[in-house]
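Let me begin by presenting the structure, written as structure tokens, before commenting on it.
As written, the chain order gives the labels A, B, C, D, E and F, with residue 1 at the start of each chain.
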Amino acid sequence: MAEPVMGNIPWEERPKGSTELVWRSARNPILTCSAVPGTRSVFNSAVAPFGDGFAGVFRCDNSAWMMNLHRGFSPDGVRWTLDPQPITWICEDEEIARLEYRYDPRVVWMDDRYHITWCNGYHGPTIGVGYTFDFARFHQRENAFLPYNRNGVLFPRKIRGSYAMLSRPSDRGHTPFGDIFYSESPDLVHWGRHRFVMAPAPGWQSTKVGPGPAPLETDEGWLLLYHGVITQCNGFVYSMGAALLDRDEPWKVLSRTRSTLLTPREDYERSGDTPNVVFPCGLLHEGPTGRLAIYYGAADTVIGLAFAHLAEILDFVKRDGA
Amino acid sequence: MAEPVMGNIPWEERPKGSTELVWRSARNPILTCSAVPGTRSVFNSAVAPFGDGFAGVFRCDNSAWMMNLHRGFSPDGVRWTLDPQPITWICEDEEIARLEYRYDPRVVWMDDRYHITWCNGYHGPTIGVGYTFDFARFHQRENAFLPYNRNGVLFPRKIRGSYAMLSRPSDRGHTPFGDIFYSESPDLVHWGRHRFVMAPAPGWQSTKVGPGPAPLETDEGWLLLYHGVITQCNGFVYSMGAALLDRDEPWKVLSRTRSTLLTPREDYERSGDTPNVVFPCGLLHEGPTGRLAIYYGAADTVIGLAFAHLAEILDFVKRDGA
Amino acid sequence: MAEPVMGNIPWEERPKGSTELVWRSARNPILTCSAVPGTRSVFNSAVAPFGDGFAGVFRCDNSAWMMNLHRGFSPDGVRWTLDPQPITWICEDEEIARLEYRYDPRVVWMDDRYHITWCNGYHGPTIGVGYTFDFARFHQRENAFLPYNRNGVLFPRKIRGSYAMLSRPSDRGHTPFGDIFYSESPDLVHWGRHRFVMAPAPGWQSTKVGPGPAPLETDEGWLLLYHGVITQCNGFVYSMGAALLDRDEPWKVLSRTRSTLLTPREDYERSGDTPNVVFPCGLLHEGPTGRLAIYYGAADTVIGLAFAHLAEILDFVKRDGA
Amino acid sequence: MAEPVMGNIPWEERPKGSTELVWRSARNPILTCSAVPGTRSVFNSAVAPFGDGFAGVFRCDNSAWMMNLHRGFSPDGVRWTLDPQPITWICEDEEIARLEYRYDPRVVWMDDRYHITWCNGYHGPTIGVGYTFDFARFHQRENAFLPYNRNGVLFPRKIRGSYAMLSRPSDRGHTPFGDIFYSESPDLVHWGRHRFVMAPAPGWQSTKVGPGPAPLETDEGWLLLYHGVITQCNGFVYSMGAALLDRDEPWKVLSRTRSTLLTPREDYERSGDTPNVVFPCGLLHEGPTGRLAIYYGAADTVIGLAFAHLAEILDFVKRDGA
Amino acid sequence: MAEPVMGNIPWEERPKGSTELVWRSARNPILTCSAVPGTRSVFNSAVAPFGDGFAGVFRCDNSAWMMNLHRGFSPDGVRWTLDPQPITWICEDEEIARLEYRYDPRVVWMDDRYHITWCNGYHGPTIGVGYTFDFARFHQRENAFLPYNRNGVLFPRKIRGSYAMLSRPSDRGHTPFGDIFYSESPDLVHWGRHRFVMAPAPGWQSTKVGPGPAPLETDEGWLLLYHGVITQCNGFVYSMGAALLDRDEPWKVLSRTRSTLLTPREDYERSGDTPNVVFPCGLLHEGPTGRLAIYYGAADTVIGLAFAHLAEILDFVKRDGA
Amino acid sequence: MAEPVMGNIPWEERPKGSTELVWRSARNPILTCSAVPGTRSVFNSAVAPFGDGFAGVFRCDNSAWMMNLHRGFSPDGVRWTLDPQPITWICEDEEIARLEYRYDPRVVWMDDRYHITWCNGYHGPTIGVGYTFDFARFHQRENAFLPYNRNGVLFPRKIRGSYAMLSRPSDRGHTPFGDIFYSESPDLVHWGRHRFVMAPAPGWQSTKVGPGPAPLETDEGWLLLYHGVITQCNGFVYSMGAALLDRDEPWKVLSRTRSTLLTPREDYERSGDTPNVVFPCGLLHEGPTGRLAIYYGAADTVIGLAFAHLAEILDFVKRDGA
């Protein structure tokens, strides 16, 4: 199966008078719990071009506050129809298939299919791995790592002949630390050659950092959107920045932003189940125009959409970078 | 004195198009600190039919942030007039009468009078017990338990020949745990035969649970509205669920909801002195119609009112129950 | 059955040159895990005159580190024979009878029998209550309080017509706080009229305090040996002091020692499963001579014995008292 | 240079029907991050009469969340123009001049110049000290104290022949404690004769207290606006109260408010980078009229302005005071 | 190279009168810091038959408290000569070779060489992997897992065609939790098919558990000695138990001891840099006789040796097992 | 008054076969609580040549665990007679004179008198300052700093024309952090020009560091003995190292030991009120011979004495230094 060609990326021009590198959709939040009956929140989700439009894997916490993944479809990337039933996973091993919880999915097209990773409950949070060809049938593989890990993000192609993944080793609770690491695999089952990528840095990313959507390959390196967290008097604040990773040895950080690209400001980002969260999980890139559409969870409650120009972001990462 | 007959329960029909089992009043928040001069917040309070209308005991934190109880009256259960002076308690024992703080009252009619319980400061939080015949004179008894305890809730009749109370043993601070227990008393002074009722459960009630308003007797058991708490990245979220307890041995849980019945969503529940709190303390039941009016504290700042049909709730507790 | 008359209290004279008010037995530790096969530690235990000699209830943690109570007998109060099997309790209620754990017993003769209290696991630590006439058959009552409580200690006679108990409300773990409270009961089942007795105080008792053996009635009031805890850089240190409580209103503290009467100094008190612990649970008093024999747990591992003269202790409590 | 004469203090009359002693500007928040490009927040700042209008030193956190001080000017105290560049400090010592972070400035006129103090990063937070004659050139002195300290506030004249400062010793993080102390200096470089002023007190100020703007001298003593903090279930709440200090021995508290004078209520105080914060740093006093204009940070995100009458505040501090 | 044949296993008969299943060497501690000049402690180390005698890899913390591995040799398993220089590792990758710290080694013979695993510092603790043919030259591979992990222990043969390892995922500090997991690898570089093995259990192993020496294959399954930890008032206590794992699916626990097999009792186990620690890392098994010699770290300071009969241990694991 | 000339420094030769740079007295512990009746511990104390022998200021915790300072005298520096009464301080200011607690003294001769500093309780720990000419009358000055501070240590001469002090800013409890800072004063009352000296470093000094006895001037710089702390599984371990500070700008560290010079090993250092503590507070230097006698607190319970050669220490600091 060939990589789907994206039709029209969702897009809004930068508002007049704005000098923001990343600007929010006027239609935000584009997705709330009203999209799925019996759901208390829809956030931290990933999308991809699919057929004539778009498909996605969405984190929906139900009214029992159980975290699970639902598929969804959209003609334009903004108006979404979500399956009210969670995804059923085809899996050979019963123990791996058993549901504890699933959340914060990422989706990336590679080879001939959509690869999906998420935070999967298996005696603690670890990285679940699966795939689908058609968003109809979903297959689950072995978990990539031992617990405790969050934010497993696949690169969209093999590197040095191996599959490659970024992730954030963690612990059992609301971890107050977090570095990004890189790992390789010959078969998407066994992982090794782990390399340290980056740690927290002063300011908005001083408590922890974790990878966002799948890295985007550019001539200058892999563009990685990531979240960073600072601890304020009344809790964490999650913002978004960007880093440029070496194309061949992606654990080498060429540059990363000192400043945030997106940070809580709007009511739906300030207030919700976790106040003050902007958490990017999905990214669309329109090659010819360099337009970017960024899907991010807001306040652990709803989904926001933001826009940017790739060239501007790249320029800023290099200029503002540390 | 005979049990007062409730006239018109406050009521609003379920909004068109809504499938919610519990729906909010369009007039929410029905009570704010503007109700009592010099008060910073009015919340977590209890009401009962009284005379032609309703009376209640209200938690008012004053502008020094001292927590105390005020009485209030209403012709319709929605528009309330609160006494700007805290309740004065008649009490034989000076040491028990001494005010540290009083908060989160419950009110229940039993025998010939209104019984009131609350969280009472006595070298730590414990359960204060009192009564009134007329909401004019209030009498205080001995504290029911040793510290540390919160959320003491009397059953509206004797069980197995004894008075019966639910409560949540606790500790000195913002306790990150909490189970519900049952205790019996021959005289409302000495308490024993303590039984475990229920513990936290996965999801919205995974951190702690505590009883809400006085249990409502039904043919199928005691209906207990309760609050459950989950710990998110930026703190606790308090929601409301329900349980069905055995009529004769109420420490036996017949069923309890896996899902929330009411959970923070509105601005006045999301934002306030304690963000993300829905905390039920009062319940009115109109026998013939099965209408329920639920009074709940919102964000530790204001009072909200919500409605439901008893039959639907009972049905849901059994169906959704674990 | 009449109160047993104590024959020879275990006794050693104060060592030459010593000015200590409380001095250790030269035979310390008098009891170690070697007393019961399969036991890792024997400590925090209580004794009483019985027949021609002495009987006791002992805390034995087995090699699975499960905490339980064993009976023991001694002709002289120093050489003990312990039943290798834990005590079996006769109890009407299955749920109360169920064993989670039992530890830190106290024994007191009252009316016609030996009353036993201990820390009993029932969804958290609370106070177990039981009795025996003969150290052959043991009966268990209802738990006295809701969790979380430790160190329940009965007075040896009714006060104001009620049974009376001291205890230390607590929480779920290795509680870093603790006050002593007083409660009354008409029937040893229902408890109320709770009164605050005393809180931590500067120095050796600045973290928490809890009652030791059953109070000893004297003309000047109830003599209560108690433990106090200070938090040092590398953890808690448990010492022993004494207080004098009003005979008729025992929640009124007439005096309490500013200084320790016994504090970790010997190797078997400094080193063990919990380093730096002296924890009194048993007390014998020879009326005619005023001799006191104090049994205390050492380092949560073994049992020590210490001696004192009642008159000297009383004098010191008043003189050194705050 | 002579002390500048204030022209028109910013002012709005108390709203009709209001009985508030301190009332908010209808134009709140008067300053937000939009005032300085590349800034995520502007708050906790200080102002002073300057020339025909007003000047100030403002805390601006930039988009990298680095905290620094900017100067600003206003014709009316409400509409402000801020320098987009942080203040450059002239300082003899390189190590002291080195920027870690600077925040929460206070400004006070004394002798012939404007003195500025702030929380200065030097291996932990301590008190930075500087001055300007003209808001054009700024000079930095030695830090007043060893770390860890916050909220250094100079008195506007010498006391007992020495410069005098209030401050709040602290620790490395989001300190959960805080008392106010007083210190003296012959030269604004060496500080000693430290005296305790006041500790937390029950209610809204039970966690920590810290001085606000420079104390205002009155016939009855120094009027000190200060912030107090309480710990709620989901974090701290910062409010404002007032104290009256002895004119000659300002470490002696003549009276302090039991109640808050200003406490989070509006959306911009409830929601932001640190929810539930009202934090006064600036104060203008119009002598002839007794009008007060109070500048306070709101939610660590924006600046609010509030008004009061000096005589009413003084009266209240004495009447409500403890 | 063929597996070395063990000559005389170090051995002492069970002391007269003892009924212990595991008994200590009368020569304990057999190794202290005096073995290596400039070392503050030697503990948690592993040994194997080598040539005519024995070789081992030893954890030596030097006088800067830097943790590293040294090789050692012994003719009899009791008297050891340690290389005063830490092992130098031959490693292709510079970043992996870089020393942060190395501790708690295990050694196992498999195929044609000695495999060594240890806790390796790489931006946090993870599992280092290496090998030697001759204890002269040592080769280091890639780290097995992402941080944070401790106690990686290889099985002595492939299972289901893969190399197999037990480990204990962890976090950054003195982790207060810990489960044992199982992982597989085709090449000792990439690891996957992670399976949960066992969690803490009541009593001595209620805080965390971790694998000890390499599992020993028996007809009844893999015998795993492991450490378990309980949290007492003044810290952790580390003891040793045993489990029997399924031969073909070793993540299935057939039985595990409810009781400890070895627990701190002697001075050198009670007192040291970490009081109350017994931590097994080395195991010798004499096939024909079933004799076991267990090497364990004591109090994070010295090495103890203990003995047992395999048949007795197996019998006990099954009998006492849960 | 002229500086006293030291007669015979206490001295023992390095034990045969030892290569230790610092070796313990064979008479250790040289001082225990038996030195002062009613005292539970004597430790962390300072000594100086006085008359024909030696005098000192000793930390004695009494049997109420109240911390205070006693003077003591010795003919040989080993056998000490302590005044059973705490030192009475002559002080002009009542509030400063008020006793909360006093501990961990240092003594240094400068100008014409003995200067004494200690940790002084004044609404938290800070640095008390005093002096004596004759160890008969003691004068107390103002506290040097605002709370919270520990380990204030004066240099034995003015530097850059000012008195100079090292100290360790701290917080309210058993602080888990600590850097050393330098401050200057014109008058021993007002302090400023604070400079950072050194922070924790890997290994034995990774949690906190604090200055020990007064620095010793040498041709190569100021020799500072200091304590460093590491956090192990069961708490802190305190060891001693040394640093060389620039003579003219002592906040510049020329070198500091990577290794410990003295670290807990003996029973009296391993076991006591705070296990695993070696804490140097006193230092004697015999100029002509270069002999050093070091007095250190052991396990917060007793005093140990150790010996070294100045030249060897200096050499080691430079050689081992980082």
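One rule holds for everything that comes next: contacts are C-beta pairs under 8 Å (C-beta built on N, C-alpha and C of every residue); 3 or more make two chains touch, one makes a residue touch a chain.
In this text, all values refer to a predicted model and were calculated from it rather than measured experimentally.
The chains in contact with chain B and with chain C alike: there are none. Counting the residue numbers used at the interface between chain B and chain D, under half appear in both copies, so the two copies meet with largely different residues.
Relative to the C-alpha centre of chain E, the farthest chain centre belongs to D. Between B-C and the choices B-D, A-E or E-F, the pair with more than half the same contact pairs by residue number is A-E. Here the CA centre of chain C is 42 Å from the CA centre of chain E.
The distance from the centre of chain D to the centre of chain E, with each centre set as the mean of the Cα atoms, comes to 59 Å. The centroid of the Cα atoms in chain B and the matching centroid in chain E are 55 Å apart. For chain D, residues that reach two or more other chains under the stated contact definition are 234-235, 271, 275-276. In terms of which chains touch, the assembly is arranged in some other way, matching none of the line, ring, star or all-to-all patterns. A complete list of chain pairs in contact reads A-B, A-D, A-E, B-C, B-D, C-E, C-F, D-F, E-F. Contact residues of chain F toward chain D in the complex are 95, 122-124, 126, 142-149, 167, 169, 171-172, 177, 179, 181, 183-186, 189-196, 199.
Residues of chain E touching chain C in their complex: 19, 202-204, 206, 230-235, 237, 258-260, 263-264, 267, 270-271, 275-276.
Those residues of chain B that touch chain D in the complex are listed here as 37-38, 40, 62-66, 174, 234-236, 271-277, 300.
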